[in-house]
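Shared between the two complexes below is chain A, which pairs with chain B and chain C, respectively.
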Partner chain A sequence: MKRRNLLGKKVGIAAVIVAFGLLPVFTQSPYWMHVFILMWIYIIVTASLRFTITMGEWSFAHVPLMGMGGYASALLAMKLGLSFWVALPLAVLITAFIAVFVYLPCLPTTGTFFFFASYAFGEVMRLCWVRFKNPFGGPAGLLFIPAPGPIRIPGIPAIEFGPLSKIPYYYTVFVFMLLSLLILYRLEQSRLGRIAEAVKESNLLAQFVGIRVWRYKMVILLIGSAFAAIGGSLYAHYTTLIMPVDFYWGLGIYIIIYTVVGGTRHFGGPIVGVFLFVLLRELLRPIVMYVPLVYGLILAGTLVFLPEGLISLPEKISAWAMKKKIAAA
Partner chain B sequence: MPESGQTCLKLKNLKVHYGSLEAVHDVSFDVPTEKIVSLLGANGSGKSTILKAVSGLMKLTRGEIWFQESRIDGRSPQDIILKGIAHVPERRALFPHMTVSDNLLMGAYSRKRATKKELEKDTEEVYQYFPVLREKRKSLAITLSGGLGEQLAIARALMAKPKLLLMDEPLQGIAPSVVRDIGKLINDLNRRGITILMVEHNISMSFELSDWIYILETGELAIQGAPEDLSQTEYVKQSYLGV
Partner chain C sequence: MDEPSPKPILEIRNITKNFGGLTALNDVSFDLHPGEILGVIGPNGAGKTTLFDVITGRYRPSGGKVFHKGEDITGLKPHQIVQKGISRSFQLEVLFKNLSVFKHLVMSRHLHTQVGFWGSFFRTPGNRKEEEATEAEALELMRFVGLEVQGDRLGGNLSHGYQKSLGIAMALGPAPEILLLDEPLSALSPKRVTDILDLIRAIRDKGVTVMVIEHNMGALFRICDRVVVLSVGEKIAEGLPEEIKHNQRVIEAYLGGAVRA
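Right after this comes the complex of A and B.
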């Protein structure tokens, strides 16, 4: 029974991947391509935020660190002339390095204090981009960030990135997303995932069994930051312009709403959350000023009626159906 | 000083601070190998702090801690567990949303070299001691009753294969009928060769179980002795037995 469920799940996931892999075959509308490219980027950022939450602390520096990835990658490309394909991995390393200093002062705190401390230190970083015109461009940010260089595979024409078609971006971001999710999933199933769970369950007892709590919290936060940086770098080279305001606290709140509404306890939670909210946002375009209100209502409703998030809905329904069946029998 | 063969644990002039507050002033004592030793004292007298210092969770301001033949103060908690000291913290700390069997596995966290097979064997051995835990191995720890929770807390510590077990108030909040069971369990563990240093507020139980008793008063040792001798002293009669 359980094994069949698992197989069904795998087939389902494969079907979804294939369907979105084939999406550009059905629609090449730049509008929808754009919506989905941003969606894949947000999924990387949100899933990596949830990964850090597995050790029990909510970071509000995640979005500024995404921005750091974008700035680092863009500057490496603009000032040093590096290709996107080199700049991205370097930007990931730089962001993880900076994240050490962002999180070091936060680590002695937990809970609400950690949340606000991480907000404060993330904001300091963001204000640096505003304050220092050189090299960050000040409030206006960076313009004309170069697109990724062409991908050359022998035997087929080179794949060029440019304003003409969004399809190369679509597939690049899509693949980055799938790989990121795969790595994050494997990490969560690994020994590190168990340690994260133990730390979240009881910070104190974790120390009693010999876990070096600080070190592991830092490791998990840095891994999260690295993936946030991937998202930021993709964002920068796709949009070709970034500003400090792109990474302000409001986006942090949205990412948290996506995670909570989707469900923090399941790996798939934030994926479901991003998917629904990004589509919802498109639907709400005519009444865009009410978007925060609608988001707030959905958040409140989920917290009250589905505290484990939308991803727990099928489970809840089948439990409810089972109950009915038993009652009827 | 208790007369006996070898010393398992030796504390020399321990001084421990929380910030500027001195919790342990100047404490020296020995725990002989394969005995049960109790550390008694009023609330806030520094008992838990001493246990935390032994397992490396509190830094010493001064003093030395020796375990068997080696000095362990300043070592990391992980090293100390590996040397053979496991700690059952006060208030029955468990990983509440993990299953019973996952809680046990976390107890073996520090044994990084152990193979999966070895861990399975050890889990099985622990279950033989705690058959009810085996029945509940898939339940979340949070669903266990107080007595079972304590069993799990002890079982978790045993997964580290300790030679010395530190127990902080193992009988706290446990129904009188179950207190005897846990007492018997402590005795059994001791008979199997595990040295026990425990902190308890249940005076009659610790007098019954222990080979030697130390009584602490605001960070200093006030009095010590074998339980049968101590119970005759005026000090114990007045402050503990209420006669």
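Right after this comes the complex of A and C.
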């Protein structure tokens, strides 16, 4: 029974991946392509935020670190003339390196204090981009970030990235998202994920079974930052312009809302959260000034009625049906 | 009882610990000999738990030193102390509330799990084997402390008695040479008290040196070889249980305080 369930799940996930993989066959409208490209980027950023939450601390520096990935990658491409394919991995390394110094002063704290300390150090980073016109461009940010270089596979024509078609971007971001999710999932299932669980439950007891709590927290935060940087780099080279305001604290709040409403306990939670909210945002275009209000209501409703998030809804329904069945029998 | 061996496994030397203006421990010294069960007793606020916190690296002492087999281990971090083979349980339930008992014990074997990061990431067959070995050890521990039926229950849902047993099992997970138990008998039924006393004896018989903090003196005196008495942060007596029972200062510390109150 359980095995069949697992198989069903795998088939379901594969079907969803294939369906979205084939999406450009059905619609090539630049509008929907754009919506989905941004959605895949947000999924990378949100899933990696959730990965860092598994060890118990909520980081508010995640979005500024995403921005750091974007700035690093854009500057490497613009000033050094590096190709996107080289700039992205370098930007990931640079961001992880900077993240060490962002999180070093935060790590002695826990809980709310960690949240606010990480906010402060993230904001320092953002203010640096505003303040230093050279090289970050000040409040206006960076313009004309080069698109990724063409992908040349022998036998087929080279795939060019440009303003004419969004399809190459769609597939590039889609593949990056799938790989990121795969790696994050495997990390969570590995020993590192189990240590994170123990650290989250009790820092104290974890220390006394020999876990170096501080080091593992840092490792998990750095892995999270690395994936945030992937999202930032993709964002920069797709939109071709980035500004400090793109990574302001409000986006951090939204990403946390996506995670909480989707469900923090399940790997799929943030994916469901991002999916629903991004589509909801498109539906609410006519009343865009009320979007934060609607988000707030949804967040409050979820916290009250479904504290484990939307992803726990099927479970809750089947538990409720089972109860009814027992009551009827 | 045979003579205590001349070389102590743990030497506590002139330990002092101040919290601001409050002196929790004042110039406490004693030895722990290999293979013994040492009881640490004293009225509330005597500094017993602080002493454990200092030995296990949770607090850095304000003065004094701790030696393990002649090596200075003062001020090491808790995870380093565990690596030296000194492990502890907690007085209050310090558990992973949302993890099952089985997962607790798998985590308690952390130091002895030789699973590499990449092996664990790619789920190599060798890694799977290692994990199975760890799981077998966790089951063994569960059986040893009598929690084999409780394996799937969450730490936070266990009854007080089982939580105590789980706490001891967690401290045994790192396979320590020295085990420090902080009030393992508090608020237990008489039947459970006997069970835990048998468990402590069984742990000693496996070659582990045990140091126990306890309020329940009657029960403690049934198992311990020697007793150290603390009162208001100072060591007021040390000796065999029989001597301690008739020590005038100990009686005063316990009864005197009670009479005045």
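Note that the second predicted complex is superposed on the first by the 329 of 329 C-alpha atoms of A that agree within 3 Å, B and C clash if a C-alpha of one lies under 4 Å from a C-alpha of the other, contacts with A are read in each partner's own complex, and residues count from 1 in each chain.
One rule holds for everything that comes next: contacts are C-beta pairs under 8 Å (C-beta built on N, C-alpha and C of every residue); 3 or more make two chains touch, one makes a residue touch a chain.
From a predicted model like this one, the values you see are computed outputs, not experimental measurements.
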{"item": "Side-by-side fit of chain B and chain C on chain A, or clash", "value": "clash"}
{"item": "Chain B versus chain C as contact partner of A:Leu205, first or second or both or neither", "value": "both"}
{"item": "First (chain B), second (chain C), both or neither touched by A:Glu197", "value": "both"}
{"item": "Most chain A residues touched (candidates chain B, chain C)", "value": "C"}
{"item": "Touching partner for A:Ser318 - first (chain B), second (chain C), both, neither", "value": "neither"}
{"item": "Touching partner for A:Ser29 - first (chain B), second (chain C), both, neither", "value": "neither"}
{"item": "Which of chain B and chain C A:Arg186 touches, first, second, both or neither", "value": "second"}
{"item": "Doubly contacted chain A residues - partners chain C and chain B", "value": "194-195, 197-198, 201-202, 204-205, 207-212"}
{"item": "Chain B partner contacts - residues on chain A that touch it in the complex", "value": "194-195, 197-198, 201-202, 204-205, 207-212"}
{"item": "Residue ranges of chain C touching chain A (in the complex, touch as defined)", "value": "56, 58, 77-79, 82-83, 87-88, 90, 94-99, 103, 106-108, 110-111, 113, 115, 117, 120-122, 155, 170-171, 173-174"}
{"item": "Touching residues on chain A, where the partner in the complex is chain C", "value": "186-187, 190-192, 194-195, 197-198, 201-202, 204-213"}
{"item": "Chain B - residues contacting chain A, complex", "value": "55, 57, 76-78, 81-82, 87, 89, 93-98, 102, 106-107, 109-110, 156, 160"}
